[in-house]
Structure formats: C-alpha cells, structure tokens
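Take a look at the structure below.
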Amino acid sequence: MLQQQLVNGVVLGATYALFALGFTMMFGVLGVINLTYGVYFALGAFAALWASKAIGLSVWLALPVGAIVAGCIAVIVDTLLLTRLRRAKAPELSSLMVTIGATLFLYTGLSVIYGTEVRRFAPDFAPSAAFEIAGVRIVATQALIVVAALLMAGALIWIVRGTKVGLAVRGVAENPDAAALMGVNGALVTHLVSFMSGALGGAAGVLIGLNFNAIQPFMGENMMLRGFAVIIIGGLGDLRGALIAGFLLGIIEVLTAGYFASAAKDLVAFALLVLTLWVRPVGLFGRAAAKRA
Amino acid sequence: MATIKTTLDVQGLTKKFGGLIAADDVTFQVSQNTVHGLIGPNGAGKTTVFNMISGVLPATAGSIRLLDEPLDKLPTWERTRRGVARTFQNIRMFGDMRVVENVITGMHSRLKSDIGSILIRQRSFKKEEREAEAVAHEQLAFVGLEKAADRRAGDLSYGDQRRLEIARALASQPKILLLDEPAAGMNPAETHALIPLLQRLRDERGLTLLIVEHDMHLVMSLCDRITVINFGKRIADGTPAEVREHPAVIEAYLGHKVDDRKAAGPASKVRS
Amino acid sequence: MLDTLSDLYWTYQNVIHGVAVNGILALSVYVVLSIGQLALGQAAFMGIGAYFGAIATTKLGLPFPVAILASILTPAAVALAIGAPTLRLTGVYLAISMLGLGEISRLLLLNWDYAGGALGLSGIPERGDVYLLYGVLIVLIIAFIFVGRSRLGRAMEAMREDETAAGVMGVNIPRYKLAALVVSAMLAGLAGCLSAHLSSFIGPNEYGFEEATTILSFALLGGIGTPLGPVAGATILTLLPEVLRFLADYRLMINGAIIVIAILFMPRGLLSWRMKRTV
C-alpha cells in the first residue's frame, strides 16, 4: 500500500541522491561530466563484496572500504586523464569524451576479470531484522541505507559549506585561477573533490548492491541514466538540487512500478529528464546563467 | 544645418548580476562617421556596456537602437546581420583557418547561397564565393595583410592578428564597428601604428567606430567623442578636450591629469 | 579472376557491408563533432531507424523506399523532440540528453513486444545491395566535401573553434546545432535501415552504449578535419577486429583505449588533414 511504497521509494531515493551528489560535485567543481563515475559505483560494490567475502567484514566496515577504494581510483583516473586536459584548457567536451573512453575500458576490463554473472553479498552481511511501524514493514537494511546516505550527504554539505576546505573547493569551482592566486592549492582541492565524489559513488554502489542484492560489472551503466536525470532535474552542479531530485526520482520510480507497470520504472528517469528540458531546462536550482548562444 | 545622424543610440542601459549593479542607466549616442571612445577605470563597467551592445550579454534594462532599429533581445548573429561588428580584447581568431578564410567567414551574414545551390555547385554559388574571396583580399590589403592571406591564422604575430580581426569585422559591411581594447597586449610601437589604421576606417571607409580602451594616448588622439564610465555610471560625455578637464574624470583616474603630449610612453597608459 | 572476387565477396560479405555501414555512421557523428558538439545518440538513432525500417517491410509489407523514409524521418523527429530544448544552453545538456536517449532506447526496444522484444526482429527481407551501400557512402562523402567548401563549412568550423566568435560572425548557432543534430540522426537511421535489410535480423542489444562509443572512436581515430577522416577510421576499426580475431574479447577495451589516447595525444586523429574552406 501507499505508505509501504513511499518507504521503498525513500530508500531508493536515498541511494539515487547519494549517487547524484558525487556526480554533481564532480561537475560543479571540476567542470566535467565524468562518465567514469558509473564505474566507481560498480567498483565500490565489488570492493565491498571482496572485503566481506575475503576478510569477512560486515557491512559497517565494508561500506567505508568500498567508498575509499572507489575514491582512490577516482583520484587516479582524474590524475592520469583529466588533469592534463584541464591544464591545456581543452574544451569541456574533450574531458567528457575521454571519460567515455575510460568508462568503456574499465567496464569491459572489470567484466573480463570478474565475468558478467550477478553476485550477491553473504546473507549475514547486513542486519536482517525487520520491524513494523504504523503498519509499514521496514527492514533494518533499508533503514541503514537511508541513514548512511543522509549521514554522508550531510557530511558532504557540511564540509562544503561550513569548513575552510569547503571554501577552497567552492573557490576553485568558481574561478580556479583566482583561487590559485589566493594561495589555494588547486591540485590538492581537485584530488580531494575527486576522492569525495568517487567515494560517494562507491558508497552508493554498496548500498544499491545491498538494496537489490545484485552486483555485476555493468551496474553503474544503468545508474548513469538516473544520474543524468537527477543532475538535469536538480540543476547542473547544484548539491541541494541533486539531493532533492534524487529522492524525488526514487519515490516516483517506486510509485510508478507499483501503480503502473514495473517495466515503466526505467522509463521514469528519462521521461522526467525530457520533461525538465522542455519545461524548465535549467532544472530546479540551476543557475539561469546557462550560456545563451 | 546638416543633421548629424545618430548611428547608435544607447538609453538607460543597465546590468545587474543579482545584487551587483555592473552598469547603471548608461546613456549616450554615437554619431555617424565618428570614432567614439568608451573609457573608465578598471572594473568601471565599460566592458559590460560593450558586451550588452554587441549582444554577448543580455541587458537587465535599457534600450539600444542602431540607426533607429531596436537591437534589444536580439542574439549576436542577428545584430551582425543588422550591421554590428566587433573585435575581441583577447582576439578570438579561428586559428586553424587560413587568414583569408577568416575574413570570408566574417562575410557569413552577407552571403546568400543556400544548401541546395551549394550541393549542386550552382554557378551562382561559385560566383558568389569567388567574389567573396576577392572582397576578402581587398580587406586584407586595406589592413596591410595581403601577403599573409594563405598563412594559418594562428601563426600570425599578435599585432597582425589584431589587424586580421579588424579585416574580418570589416567583411560584414558593418554600420558600426565595436572595438574591444584594440591596443590590449600591444607595445607602444604597435599601438602607435594602429591609430592611422583606425583613422582610415573612419575617413576612407566612412565607418562609425565605438572603442573601449585603456590607452589614453590612443583615445585622446583618435576619438571625436568620449563617454566616461565609473562604477557603472556615466560620469562624463564630450570631446577629448572637454573630458580631459572634467573634474569627475580626473577624480576617477585618481588625479592623473591626462596630457597627450607625453607621447606613447608607459606613463600615458592610465591603469588603476 | 571474377570467380575469385565473387568468392571473396561471399566470404567476407559481412565485413564489406560493415565497412560501408560504419562509414555512414562515422559521418553521422562527424556532423556533430565538426561543429564542436558531442551528441552520442547515433547508436540509438541507428536502432530506431533499423527497427522502424524493418517493421515497415517485415510487418507492414511496405516497399523498401518507404522503409528508408521511415528510417530517416523517425530518428529526425526524436532528435528534434529531445535536442530542440537544449539548443540555447551549453553543449553539456545536449551531450547528456543524447546519452540518456541511448540508455533508454535500448530498454524501450527490449520491452517492445510488437517488434520482438528481447528476441529481436528476424526474417527481415533482403533489400538493397553492396552497390547501394557504397553508393550512398560515396554520395555522402561528396556532399560533405561540397558543404565543407562553402559558407556552411566555414560556419561549422568557426563554431567548433569558438562558438561565441562564430555567433558574432553572424552564424545562427541554435539553427546550425539543430540542423547538425537532425542530419546526424537521419544518417544514423539510414545506416540502421540499410544494415538491417542486409542481415535479416536485428536485436535490441545491438544499439547501446558500446556501439555509440565505437562510432565515436571511428571519428576520433580518423580525425575530423575532413569527412574522409571518420570514414578512414571506420574502415580501420571495422577491418582490424577481423584481422585480430584473437583479441575479440578485448575489442571494447581497445575502443575505449583508442578514445582516451586520441583525445589525450592525438587530438587531430590519424589524418590531420584540414579541408580547404573556399570553393
């Protein structure tokens, strides 16, 4: 019934919001649509899977492991591929294309190494207790997902808005040259942002892998559609927008699956994306200073 | 009495970025066949005004008329079609194209061949192209770049690229030519050589020019009229002699009294 | 001698067709790249063209020319619907919406039972031949060369180099973006239809992200200075997998690596030619 659907929607939305936050931050600060982001998503899930199987870590520890591994790889990719283009002030579409190439390379590599069959976490990986509140059944895992997502989102927003580091990040996002002149170490900030974004993506991967109990190399690819939808709906580069749009999308998707057809679920993201483009292209919080040709 | 025709009529031009007022109710007229200067200290808002006139920046309020035709809300390409041409402070050259191709590109709005006649290589299309190339060579000759016509534009020296930009702007047969800091990045010798070229544009081609510039030597020796902007507002408007003595202008430039007898030396470049 | 050629053709038919089809696809991505935009909907448009064209002949029994028309117009309409709102915004919006289209079209085709759903559409009648394929490719190359040496070609190169400056030259930027997008969609749709009617079967998984990036790699490898570049890139990347069969599993990894290497180290592609832009 409706309340149950809403709960499921909120849970899904939490993962979407987390995913979108990292993606948005990469665009907002580094100015690049980084399609490799979907790979970080999958890598985080795989890393957590490995940690739980090889070392027997429980979800509380495997989640950070997944996040950190994804974050580190994000930094490596950024350093190898994107820094060079940034320094040469290449057009933004060049960066986009390079991430496309990297994505293809990494996805395929992952599937060559791990094979394409779906894997699952061990049954005792996450708390399986369930409880009922007002007639709605909530599994502990679901609560975990929402709490973890909100905590990480909150931490990110606190860092960006409330600390000196965050100030430096925003400075670099606005005007990298000016920030450098003010003594901000641009390279360090870039690495930090890459790491945080990648970590968020990886964490989202673990949580989604947990939510659907399915992990496979191409899981990030499907998510990218949601990622695109969320950043367009929320507004390019806007963190609040990503958060709100993420939850919105999750809820609408679940409701659509529940009340219409479950196949239509995947269509929701794209339909909302196109709708946003037609009605209000800059999104909920997009700066209206989208360049006029 | 001969009526002085107004080529460009700017009324109450305003630009707000959120709470920041970059240009505040700026009004001035550019008369036909004159060189009009737009000056002011750094950050005064003259580039903002300039960009609103050329259409690169949308105005918050105010109106711009070119020979009595309103330009407001028109995108840059529409303004070019109606006769507004401009150069850029940081010289936006199509570096990979040849010099002559850059100039022919400037004629884009004046050429009429459509996709149909292009695909069948209709004679009218080929004729138009050949004529365009001839005109382009003429413009290059006017600015003194005839010999460089087939070179890669990006390989030219800075001063030559500036001339190329002017030739390219001329190619669109403009009613007014907007020059964005034409002397930027030039040494005194190059600046000095630029002045006669700009004068010839007015005298030989009958053009109307609006120049944003920091170099006082160039402004004072070239302009027929000058509008001074500070903190987004117009603080003076008159002949060079009037502007030079205007107290608000002197104050704006922090007490520097402009004396164009100090030839093309670094002291004549007023920068705050 | 003629027998040998004929034998060769029959053996390598798929590859020979593939080179031409990929050449057309390379030109379809070339159109948008040459104005400095990135719109990777070509695989999706190809799929739309293939499916609508195949449905026309297979399910509706319509003649081939009608199928071709359907395969050109349907993608064009989709391109218009999705691309039009993005024209006045930065190129990022177009890039994202086209990528999104690529994702969603695969899902839609998978669930479209009328067109076979996950099993795809089989029994497509054989229409057209290798001469039609290559004829179309050659006509397109010539057309692109003609367009390149005109005010249209100059406008396009100007947009690629500096969009703001191009606008100041008088180039109607949104109109050119839209035209390039629609032409790109039409070419990809055409390629899809021609290819479908030479392979008797199409499936929903043939038109996804991997295919879109492969098409991109054609153009990046060959270089986008002239229309010959992408076609050369397509030829190489179609023949290479045949020659290096043992690397089949890694084909996509190699494509990805090509894209990365091309952007980082060979921004002009293999053939750094540049077209003359005068008649």
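Details
First chain written, first letter: the chains are A, B and C, and each begins at residue 1.
The rule we apply is simple: a contact is a pair of C-beta atoms (placed from the backbone, for glycine too) under 8 Å apart; a residue touches a chain by one contact, two chains touch by 3 or more.
Remember, predicted model here, so these are calculated numbers, not experimental data.
Summarising the inter-chain layout, the chain whose CA centre lies farthest from the centre of chain B is A. The chain occupying the central position, as judged from C-alpha centroids, is C. With each centre defined as the average position of its C-alpha atoms, the distance from chain A to chain B rounds to 47 Å.
Remark: chain B and chain C have CA centroids separated by 42 Å (rounded to whole angstrom). Averaging C-alpha coordinates per chain places the centre of chain A 30 Å away from that of chain C. Listed for chain A are residues 292-293, each touching two or more other chains.
Counting only residues that touch two or more partner chains, chain C has 167, 173.
Multi-chain contact residues of chain B (touching two or more other chains): 75. Contacts from chain A toward chain C in the complex involve residues 33, 35, 81, 84-85, 90-94, 96-98, 100-109, 112, 221-222, 224-225, 228-229, 231-232, 236, 263, 266-267, 269-270, 273-274, 277-278, 281-282, 290-293. Those residues of chain C lying in contact with chain A across their complex are 36-38, 40, 81-82, 85-93, 95-97, 99-101, 103-104, 107-108, 111, 163, 167, 173-174, 177, 209-210, 213, 216-217, 220, 249-250, 252-253, 255-264, 267.
Note for the complex: chain B touches chain C at residues 54, 56, 75-77, 80-81, 85-86, 88, 92-98, 100-101, 104-111, 113, 115, 118-119, 121, 125-126, 129-130, 133, 168, 172. On the chain C side of its complex with chain B, the touching residues are 143, 146-147, 150-152, 154-155, 157-158, 161-162, 164-173, 274, 277-279.
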